[in-house]
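Chain nomenclature is as follows: A, B, C, D, E and F, assigned in order of appearance, with residue numbering initiated at 1 for each chain independently.
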Amino acid sequence: MGNLIVDGKRTDGRGLLDLRPLKLEAGTIKNAAGSSYIEHGKNKIYVAVYGPKDSHRYGTSMEKAVIRCRYHMSPFSTDERKSPAPSRREIEISKVIRDALESSLILDEFPKTLLDIYVEVLQSDGGSRSASITAASVALADAGIPMKDLVEAVAVGKVDGTLVVDLSDKEDKEGEVDLPIAFLLNENMITLLQMDGKMTVEEFKEAVNMAKEAAMKIKEKQKEALGKKYFEKVDEK
Amino acid sequence: MGNLIVDGKRTDGRGLLDLRPLKLEAGTIKNAAGSSYIEHGKNKIYVAVYGPKDSHRYGTSMEKAVIRCRYHMSPFSTDERKSPAPSRREIEISKVIRDALESSLILDEFPKTLLDIYVEVLQSDGGSRSASITAASVALADAGIPMKDLVEAVAVGKVDGTLVVDLSDKEDKEGEVDLPIAFLLNENMITLLQMDGKMTVEEFKEAVNMAKEAAMKIKEKQKEALGKKYFEKVDEK
Amino acid sequence: MGNLIVDGKRTDGRGLLDLRPLKLEAGTIKNAAGSSYIEHGKNKIYVAVYGPKDSHRYGTSMEKAVIRCRYHMSPFSTDERKSPAPSRREIEISKVIRDALESSLILDEFPKTLLDIYVEVLQSDGGSRSASITAASVALADAGIPMKDLVEAVAVGKVDGTLVVDLSDKEDKEGEVDLPIAFLLNENMITLLQMDGKMTVEEFKEAVNMAKEAAMKIKEKQKEALGKKYFEKVDEK
Amino acid sequence: MMPKKGPIISNLRKDQILKSLSEGRHIDGRDLTSQRPLEITPGIIEKAEGSASVKLGGTHVIAGVKVEVDTPFPDTPSEGILIVNAEVLPTASEYQEPGPPDEDSIELARVVDRGIRESKMVDFSKLVIEPAKQVYTVFVDISVLSMDGNLFDASSYAAVAALMTSSFNVYRMEGDVPVKTEDKMAMPLADLAVSLTFAKIGGSLVIDPTWEEEGIMDARLTAVYDSDGRLCAMQKGGSGGLKIDDVFQVVDAGKAKYLDIRKKIVEAVENAKSGN
Amino acid sequence: MMPKKGPIISNLRKDQILKSLSEGRHIDGRDLTSQRPLEITPGIIEKAEGSASVKLGGTHVIAGVKVEVDTPFPDTPSEGILIVNAEVLPTASEYQEPGPPDEDSIELARVVDRGIRESKMVDFSKLVIEPAKQVYTVFVDISVLSMDGNLFDASSYAAVAALMTSSFNVYRMEGDVPVKTEDKMAMPLADLAVSLTFAKIGGSLVIDPTWEEEGIMDARLTAVYDSDGRLCAMQKGGSGGLKIDDVFQVVDAGKAKYLDIRKKIVEAVENAKSGN
Amino acid sequence: MMPKKGPIISNLRKDQILKSLSEGRHIDGRDLTSQRPLEITPGIIEKAEGSASVKLGGTHVIAGVKVEVDTPFPDTPSEGILIVNAEVLPTASEYQEPGPPDEDSIELARVVDRGIRESKMVDFSKLVIEPAKQVYTVFVDISVLSMDGNLFDASSYAAVAALMTSSFNVYRMEGDVPVKTEDKMAMPLADLAVSLTFAKIGGSLVIDPTWEEEGIMDARLTAVYDSDGRLCAMQKGGSGGLKIDDVFQVVDAGKAKYLDIRKKIVEAVENAKSGN
């Protein structure tokens, strides 16, 4: 402990509550029903949404669209080359991303269908699951899936004993706590919550509130990306 | 050869025809249609039966229930940790267990259904396939599958040149012959028979007869286990 | 470069345009709809054709039979033992063989069916994909699948700077170019073409013409094999 | 990729469960803050270096510990290795197909792993034979025999109790080769992780959900506490969300409860040890 | 897990087969104790260290032997290694899907393996380059090209004949590294395993069942004999049972028959060797 | 094994495409010998040793290069190793299922590999740390993000541009162990492979087919040229055949065109390098 925060500044110069640079685009993949691209820190992630499409497969429901989600990292996305086969980490993250998004969507209009969300991490940095959720929600909106609200996610953490927002890779690895959270803000809901590392119950509550503030900022970026796509389309006419 | 039998006693103190301690229970798994638990020597094995359930899967039959069987060892069940993926040995044993049980059952009442038998070896010792068959037959009875008779199995073997009943792990590994056999006693039928090691045709016949005697003892344990479950249920009322 | 061709003769004594010994048989596998066996150089390859058979599987077509093809090498077929699991090379060759054969066949009489072509290489030598195509076409004819013409394949190559026909294993490995080609001769069509190694456009054209001459010779062997089977069948009556 | 099919709860049954919860009772009669009967039996697998059977209501889980030696990871040359695997066996329910671990089994293993790892329960620095050369690898394998909800807590208790009763053969380096000795060492432990799982069902927040309750819950939240009551791992599950206030209520309720469970684990372990 | 689909035998055909058997004849005209024509051709795969083609009626099997060097198993430092694999190829019948070995292929490989291993046919003590360091690993791979019943015997004969005609390059240790020499050694053999398979169909006990007969049989019993007529491996197959008396009849019938087959194998091997 | 399902082109659309081609235009308005807009952006993945994004019309491909050290293959002790993998991601189209590489992805990887390898573009003799002991292994991984036809050319350009902008840490042997240094070396290159793909559709031979065009083509032919305009790899695809004259026409047309593409690749690489 000791050198990740100096004079209230983090190793990349950010203040405790600052987000890393975040760039979001909607409509990035030709064949997809909806798609997006996010750069958040060094994360570079594409998301494509396909469906809802009719399916007679085992596992569909008479009551709603069933969501499938794959979070996948390209072999060159990490410092050491990653095997292209899905790791246990990728399988778990695919599941929690699906769980983080489902409650934002209104799926009962689409019984007996499948809705596929494909996340491809071309380059990974701290907070890749959070960035994936933020981007996937934009891709779902781009696909016109009815939703209650956008979902945005960010990792809060504890570094040198201090709570900070939007962990970098270095902070994630050398810090004490990593706490990724996703919000459905207009319902005051948490749709993803994981935690690694030790903190008191009081610290935890403070961290959640910090994450919520950050999520509000991210939501603006989501709206911008969707607005820009709509605006440009009008422009093209 | 030489030190597995001393003064007519085996390394664990048993006589040539003695079974190892054997404990059997029926009705051990909540969700299963039928279930059982066996301790035989150091073997500790659970069996669950599910079905018969309707299925449109490829492989079902218009004439009878089709049986599927999985024999599986938990990773901690052996001296060296076992990979959880099914080995070729486990796949072969799954097949011979299925073949050992099928002829005891009356399956033509259940066309187009599947009957699943799942065997989990929590701890393995000599004769784990035999103990699995003995337990699985109890689980099938517990599930109410119509049957001609219970099936019981035991390994006979040759150790220090002498035929003995119910091989221990040490006798299996250091002895000359391992001969697991399953019986459908009221039809005088053999439903499993495998052999490794050298013996004359005459020794083989003697060994089969010894196994049959042992099977009769095991059948009593099976009946006890089923009776106890029934009795306790009545008791609970 | 330098010792693969001496005085116009190749290491196995052949001239530049000579084929290796080639033996073909039709009707070699009991259960198959059509089958064949080829020895070409040291290649020893069996082909079995099953179907067309009705199928409701995903992937069938309302317009024609769908072909499936597997090219597989037995573990003992190579100098070093080959793992029995399909390699990426075998998967690619399965695909190009399928593509090489399909255009010779008239498949629109068989909608919603599958036609399976199984190639087993018991011993491999240079040109095993070409020999497989030559043999598979005979097996398809033996199965009575309607066809425009037989397909035959051969590898031409460049060795010591010279173009030669029907590369041996040694020439394939030590030479400069390997160019396997399959022909549908009566349509003047090429149905397989792959190339490894460097040659000019002019050399390439000359090589194609040399391959065509060789294919004509191979076609005679195919006809002989089919004729012989027919003749022997008549003979048996 | 895709959520697994589970039991279908009829609307009638669903209404019964919700009504019971709204009256402050689980459908099995417990009050909302009580766990089902918990039975922890360490030491049942003699061939394992440590083991425990845990029954939590109708859920039955076995954990086994095996210790092997291996080269350490390059970035942690002076630490032993922990590998947690879980398999929901096809014995557990009719919805469980045999095969490689599905996403539920993988999530289960990873959450149990994080609870153990992040609580710093295992002292990895004492699992070293020779730094950068050979360390102990601790495998914790979890076999779920019977499924009746709340696998996370049952599996966590089984893993923790198995580790607490583990001992294994010491290895000594002879040149570059690790050689097994007859000496035994106990698993080096520094803390104790206690997992507590809550579910949000209808308007109620309840502890230790049954499988039926999980079938109709909005969401689930698992919180793992160290011996000082600090949070050391969390995992939200289920396709619904949780109000922020619900989350805060869970972490408070867990903190009020964890010492009870901790005591049950410690007692079971001590009984097993004194029984030896 | 689940039995594989095979050909459906019509009731008419079934009746024909049973009637023929009850009159003392297989449906192909053989008497009940006669094998189908057996053709054993060793040496057909020049790239293999040993090989054999076996045709038994319409069943056609190829076995190939490859020899590699590897470290021995820790518990048998002074023994070579034998690995038997089998693949029922999709060429063999329309019911055989391509893919990794199914339970039938695995059982086939393991029964052939046990016959060879338990007869002590291969002298593993002579397959050692340096004890505890490097030994020979003998791979026997079996490719079933065509299926017409009784794969166990056909595959066993092919494996045995391939081993009997195998020879391979000797390795010598140079320091810790095994180096291939130009010297050849023959596979060290000490016995000869002969497999015989019987089927119980209706009331009849018959040798060498065809695929059609296997489709309607109650059960199958394979017995493997060493050179002295002792049993060294057995495997019962099929979903039915066998009366104890039937089993005794099989082992007696096999003992009366095995020398005939042994002779055919030995002759084929000697012809192949003298042909070289 | 079996061809993959792709988009169904309606008869109306098919007629439109064919009519357009017969009038000398792709359906997107290009003339028959013009590629779609090509955008090559090297260096987009900072964590990779080299990378490039390639957009060719609606097709979007990323290639990344990673360099590791490993023992060389026994038959090439003084050469580094090249491994090319490709995955058509499920993002690319609704017909692409997630899972291990299918035959299309495998063919794609192998054709890109052959173009690079056979053009002798990478100088493997300079990828050696110590002969017979340690060499560099160059992984080229291709992720197809978006599918609109002609994956072979797009993937090849991406792989080539990624290699041309690659540099990596030098390793030095310390005893038997390769140790990473801070020194960097550029990928050693000796040539440049340019891939060109043509399709035969109806009676027309066209360059750079779109996905729709591939859906109705008879066959495809990819030819790869080295810097001197020699052919160094070819691959015919598709279930139809090509007249011999068509094949000759393709290799001539490719030779007339390859320098244009080569120039675009070189410019993109130089821009990226000067941008650093």
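The rule is simple: a residue touches a chain if its C-beta (ideal position, glycine included) is under 8 Å from a C-beta of that chain, and two chains touch if they have at least 3 such contacts.
Since the structure is predicted, the reported quantities are computational estimates derived from the model, not experimental observations.
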Chains touching both subunit B and subunit E, listed by label: none
Farthest-lying chain, centroid of Cα atoms versus that of subunit D: C
Chain pair, A-D or B-D, that carries the greater number of C-beta contacts: A-D
Averaged-CA centre spacing for the pair subunit E and subunit D, given as whole angstrom: 48
Rounded Å distance, subunit C centre to subunit E centre (Cα mean): 31
Chain centre separation in whole Å, for subunit F relative to subunit C (CA means): 27
Per-residue overlap in subunit B, given as positions that touch at least 2 other chains: 70
Numbers and ranges of subunit E residues touching at least 2 other chains: 1, 98, 101
Category of the chain touch graph - line, ring, star, complete, other: ring
Chains listed in ring sequence, where subunit A comes first and subunit D follows it: A, D, B, E, C, F
Parts of subunit D lying in touch with subunit B, wherever the complex brings them together: 44-48, 51, 58, 60, 62, 64-66, 68, 85, 87, 89-94, 98, 100-101, 139, 141, 143, 145-148
Sites on subunit A touched by subunit D in the complex: 58-59, 66-70, 88-89, 91-92, 94-96, 98-99, 102-103, 114, 179, 184, 187-201, 204-205, 208, 212
Subunit B residues within the subunit D interface of the complex: 29-32, 35, 42, 44, 46-48, 50-51, 53, 70, 72, 74-81, 84-85, 116, 118, 120, 122-124
Contact footprint of subunit C on subunit F as seen in their complex: 1-5, 103-104, 106-107, 109-110, 114, 118-120, 218-219, 221, 226, 229-245, 247-248, 251-252, 255
